[in-house]
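Going in written order, the chains are labelled A, B, C and D, and every chain counts its residues from 1.
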Amino acid sequence: MKYSYYPGCTLKTKAKDLDAYARVSAKALGFELEEVEDWQCCGGVYPLGKDEIATKLSSVRTLAQARDKGQELVTLCSACYNVVKRVNEDIKNDENVRTKANNYMQLETPYNGETNVLHFLEVLRDRIGFDELKKKVVNPLTGKKIGAYYGCLLLRPGSTLKFDDPENPKIIEDFIRAIGAEPVIYPMRNECCGGYISLKEKEMAANMCVSIEDNAAGFGAEMLITACPLCMYNLNKNSQGKLPVVYFTELLAEALGVKEEVK
Amino acid sequence: MSLNNEFKPKIVAFCCNWCSYAGADLAGSSRLAYPADVKIIRVPCSCRVNPMFILRAFEKGADGVIMCGCHPGDCHYSTGNYYARRRMTLLFSMLDYLGIERARTRVEWVSAAEGVKFSQTMNEFVEDIRKLGKNVRLEDLRCRN
Amino acid sequence: MQRIGVFVCHCGSNIAGTVDVKRVVEAIRTEPGVIHAEDYPYMCSEAGQQLIAKAIEEHKLTGIVVCSCSPRMHEATFRKAAANAGINSFMVEIANIREHCSWIHKDVEEGTEKAVILARAAIAKLNLDTPLQPGESRVVKRALVIGGGIAGIQSALDIADAGYEVDIVEKTPSIGGRMSQLDKTFPTLDCSACILTPKMVEAAAHEKINIYTYSEVEKVSGFVGDFKVDIRKKARYVDSTKCTGCGLCQEKCPSKKAPSEFNRGLNTRSAIYTPFAQAIPNVPVIDTENCLKFKTGKCGICQKICAAGAVDYEQQDEIITREYGAIVVATGFDTIKLDKYDEYAYSQSKDVVTSLELERIMNAAGPTKGHLERLSDGKAPKNIVFIQCVGSRCSDGRGKSYCSKICCMYTAKHAMLIRDKYPDTNVTVFYIDVRTPGKNFDEFYRRAVEDYHVNYVKGQVGKVMPQPDGSLLVQGVDLIDNKQIKMNADMVVLATAIEPDPSVRNIATMLTASIDTNNFLTESHAKLRPVESPTAGVFLSGVCQGPKDIPETVAQAGAAAVKAIGLLAKDKLTTNPCTAQADILLCNGCSTCANVCPYGAISYENIQINDHGIREERRVAVVNNALCQGCGACTVACPSGAMDLQGFSNRQILAEVDAICR
Amino acid sequence: MHANNQAEKIKEISGVNPYKCMKCGKCSASCPSYNEMDIKPHQFVSYVINDDVEALVESKSLWKCLSCFACVERCPRNVEPGKLVDAARQLVVRQRGMDYLQADEIPELLDSELPQQLLVSAFRKYKR
């Protein structure tokens, strides 16, 4: 199975691990991530203004490429997932955005939202299946108590993303179970880490990250996993460092026994 | 005030007595406006609407015909709207064959509680018909006066 | 040729405001058949009707067109007026120039033009009207009440007291409904069971009332005065005639893991069970999904120990077919599912409960024997937070757009009872608005604040977070102080929205009673006929029509009963004369019409026909006017055009089409 | 610009109908930045209704909103105040010279681990 793959800017620089582990894991699981050509940064946050068109075009370009190949589009970074998927929904449902975006783009075939956007976790859940994944695990992380940190961008707005229950998600917990570890459910797993605010308001971000970390630790988590480089940064930089934070793909690669393939 | 040369479509709406006519009444008592181009004919049930009535309307110069009934499953006579739905499907495919724009005819299920839906539907339908312009294909010019 | 009079109503300014009434009168004077036309401020008034009568007499009119409000409003009024003046009441046509014209248009020019066209269509139709005579149909002197809660019980008692037979069909093993699950009732704090049980007993003992519990309506046919209903009496596996209600079987049943429906799943019950101690009838049922005998074939303890020999594993469902003149729907409500509201952590913590669950917790017969305890650890809660409007007033697609109406009052009740019984417990209520219209209602709520010091906070809760120590961190807002609040609670109670019981959907379909987008049954007129369904002979009782509390439910149940009694008291009903007729000269006896008739009103006869001098025997369709309801399905199905509908004939509808398109 | 036009502009950019608000406060109850804000999320709605856009564009709150969508997710009336905050922010940054983040202050804010994503997000939220 081949998917179009949109890594996004951060996965090419500060979050190379997130990307590399995903690629080796995909190979081990028997699917291929084919990077779309000439992709551009999604912008990091979805432009909320109804009149924003230009800021949505890079996503449309990527989406159209996946469509041309007849592939589903996979993202790994939560932010890219949020932006690309919401732009796709706009193109599908908002005639104004669709017309204007296509007028700008002058694609050979106008893009009307045909591509299906998947997060890597959704590929694991809906295409591979967690039961199937479990069978492929050679190095189960037995006994590890792991807290899933979702943050905002994977879940909200739930009506558009339809990723999981935005108030009580379970996809990462199911993932943790599949790789043999024990999920720790804590209520702040879908609270915001502070996001971009930490650039200018370090203290605010620190408050948030400390409570999240405390909350997870209080429920017995020994580590946190995330799918978002920004969450990772904030949780590492702005907390008290009680819990290690790693990308979920790293644990996946480890469980599949392919971690060493990443140099 | 509307301009004299503005296209004012003639639109016939068949409404079943139990749901849609009551829905239209509710739209009225809730003051939910829709264009005056729509004129409603009350029928006991959508299954009373003979496809012939719709053809006659077009022949006489109607620009659009809409039929409204109870939601499937909610027909006052149990099954009437199912018959209506099947008949209209056939009629529409025939009109299609004749080259009549699909948007000139419409079937919509409107319950007695859906005044808002009734008004919205009529607004949309009139808008669609205005875009299509005058019905010239089926009108029997001998009927013009 | 008809002699037509046209009467244009101003309806005060309702019509005259946007329709130039005088111009309508002038415009239609020249229409074919119109002899007389005039306008009047209120046609429906006594004076207006006299005016019509006078004109009929003076101008020897054969039919009238009234341009006024919807025929659903005053058609009957004008038909009666016409009949009183000596013309056939079906020689009346209404042009709806209010709901369909003046009320939706602002421009007088537009409104007037449309009113004229609607009037022309009515005149064109009237020109083809023929006098019709209504027939008669019988009234079966028995009523069916669907649902055995307080609404159904009250309706049944009132109908039975008037001397008519009533059957109650209740889908659960006992009558009593939601009210039997309540602990206390507002605003008097009576014990719910204490006031409900006597009613249940009275209904059970009433000689005119027959109760089918554990039964469901399966099929409804017929029409007002003469419904035919199939009731499925589900197999109880216990013979009601033998069971003494000793309860030994429930005690000895080894399968005790089934969640108790009555206690909202907060504890368990045995596989053979009566839902609660005061159940009526006091005859248990076997839940086959949990019964070991049914699951594995082994066990059979209940049968062995039953001294009366009442347990019968071979019992089958039974279909009972009965006839009824009137049907009262009293299907009640349930609380909504909370899976879309997980910010309140309902699925994550046992100590987040719905208000109905709290009723069970507070009730002496409930899972905690009436002690206020946390379900997680059995500890007494010291801080309780109530959250209002959970799923009510939500237009975001997650919940219900309406106000559930009862929550403000029951929350005040809960808060007060808790503060009264456990004065050390702090109670906080997060609310959007406190709505207490009703006699002694606001006083009741104020008592909670003033005498019991319940802490009412105006604002909502954003999230409830279970903590490692088992407490619940509630994050809310106080909009008056403009402060975000984070407080620890031991228990959170959600005032969960109510919705019509899901079974009502199916019942409405069977009854062809209309239902709104929230699955509440629609009334015939929101203000003036609030307990009648638009489907004749079907009456609405209790929450199936809209959220209401117990006194309102009882009042409405009584009103529905009175309407049913009014129907049952009649010996005959006049039937709608707008029925189908076959033209025997055109009919070829093909049976197409009979196949589409939902009432089985069409049969075939061989009759002698003289067709242009040729005498022959032909098979032709004959419509039974008592059975035909006038839907018109046959008229369109008929391939030879022999079927037509009186009052809505092909020619009449075509005349209307022509008039509108002219 | 006339105040009224500004309020209309906010409604247009955000696509929010503030009149749907029933003042339940669930947005403010959900907001993780509540304590940092001078004008609270629920107040944004009434400020727009009352055409007091001046106060909004000058408020601290604009720069404290995390765009975490907790208010959008939980609003029972689909009002979604987060979108109003963002629209007010757009009104500011779309004006010349009103960027909240200047390019020359960035080097000072950088650290070696800071992901690109953070910068591009901040740029999009704070700059034209």
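Rule of thumb we're sticking to: contacts are C-beta pairs under 8 Å (C-beta built on N, C-alpha and C of every residue); 3 or more make two chains touch, one makes a residue touch a chain.
Just so it is clear, the structure is predicted and the values come from calculations on it, not from any experiment.
> Pick the pair with more C-beta contacts: B-C or A-C?
Of B-C and A-C, it is B-C that has more C-beta pairs in contact.
> What is the distance in Å between the mean C-alpha positions of chain B and chain C?
A distance of 29 Å separates the two centres.
> Taking each chain's centre as the mean of its CA atoms, how far is chain B from chain D in angstrom?
46
> Measuring from the mean C-alpha position of chain A to the mean C-alpha position of chain C, what distance in angstrom results?
48
> Find every residue in chain C that makes contact with two or more other chains and list them.
343, 397, 463
> Which residues of chain D are in contact with two or more other chains?
Chain D, residues with two or more chain partners: 70.
> Hunt down the residues of chain A that sit against at least two other chains at once, touch-wise.
167
> Spell out all pairs of chains that touch, sorted by label.
Once each pair is checked, the touching ones are A-C, A-D, B-C, C-D.
> Which positions of chain D touch chain A when the two form their complex?
12-15, 32-33, 36, 63-64, 66-70, 72-73, 82-83, 86-87, 90, 100-101, 109, 111, 113-126
> For a test of understanding, state which residues of chain C touch chain B in their complex under the given definition.
Against chain B, chain C makes touches at 70-72, 96, 98-101, 103-107, 109-111, 113-114, 117-118, 121, 508-509, 512, 514-517, 522, 534-535, 578, 596, 598, 629-633, 635-637, 645, 648, 650, 653-654, 656-658, 660-662.
> Using the touch rule from the top, collect the residues of chain C that touch chain A in their complex.
Answer in residue numbers: 339, 341-343, 345, 347-348, 397, 463-468, 473.
> Which chain C residues qualify as touching chain D in the complex?
For chain C paired with chain D, touching residues are 343, 389, 393-399, 432, 458-463, 475-477, 479, 482, 484.
> Could you list, by residue number, the parts of chain A that touch chain D in their complex?
These residues of chain A touch chain D: 8-10, 13-15, 41, 43-45, 47-51, 55, 77, 79, 152, 155-158, 166-167, 191-192, 194-201, 204, 208, 229-230, 232-233, 236-237.
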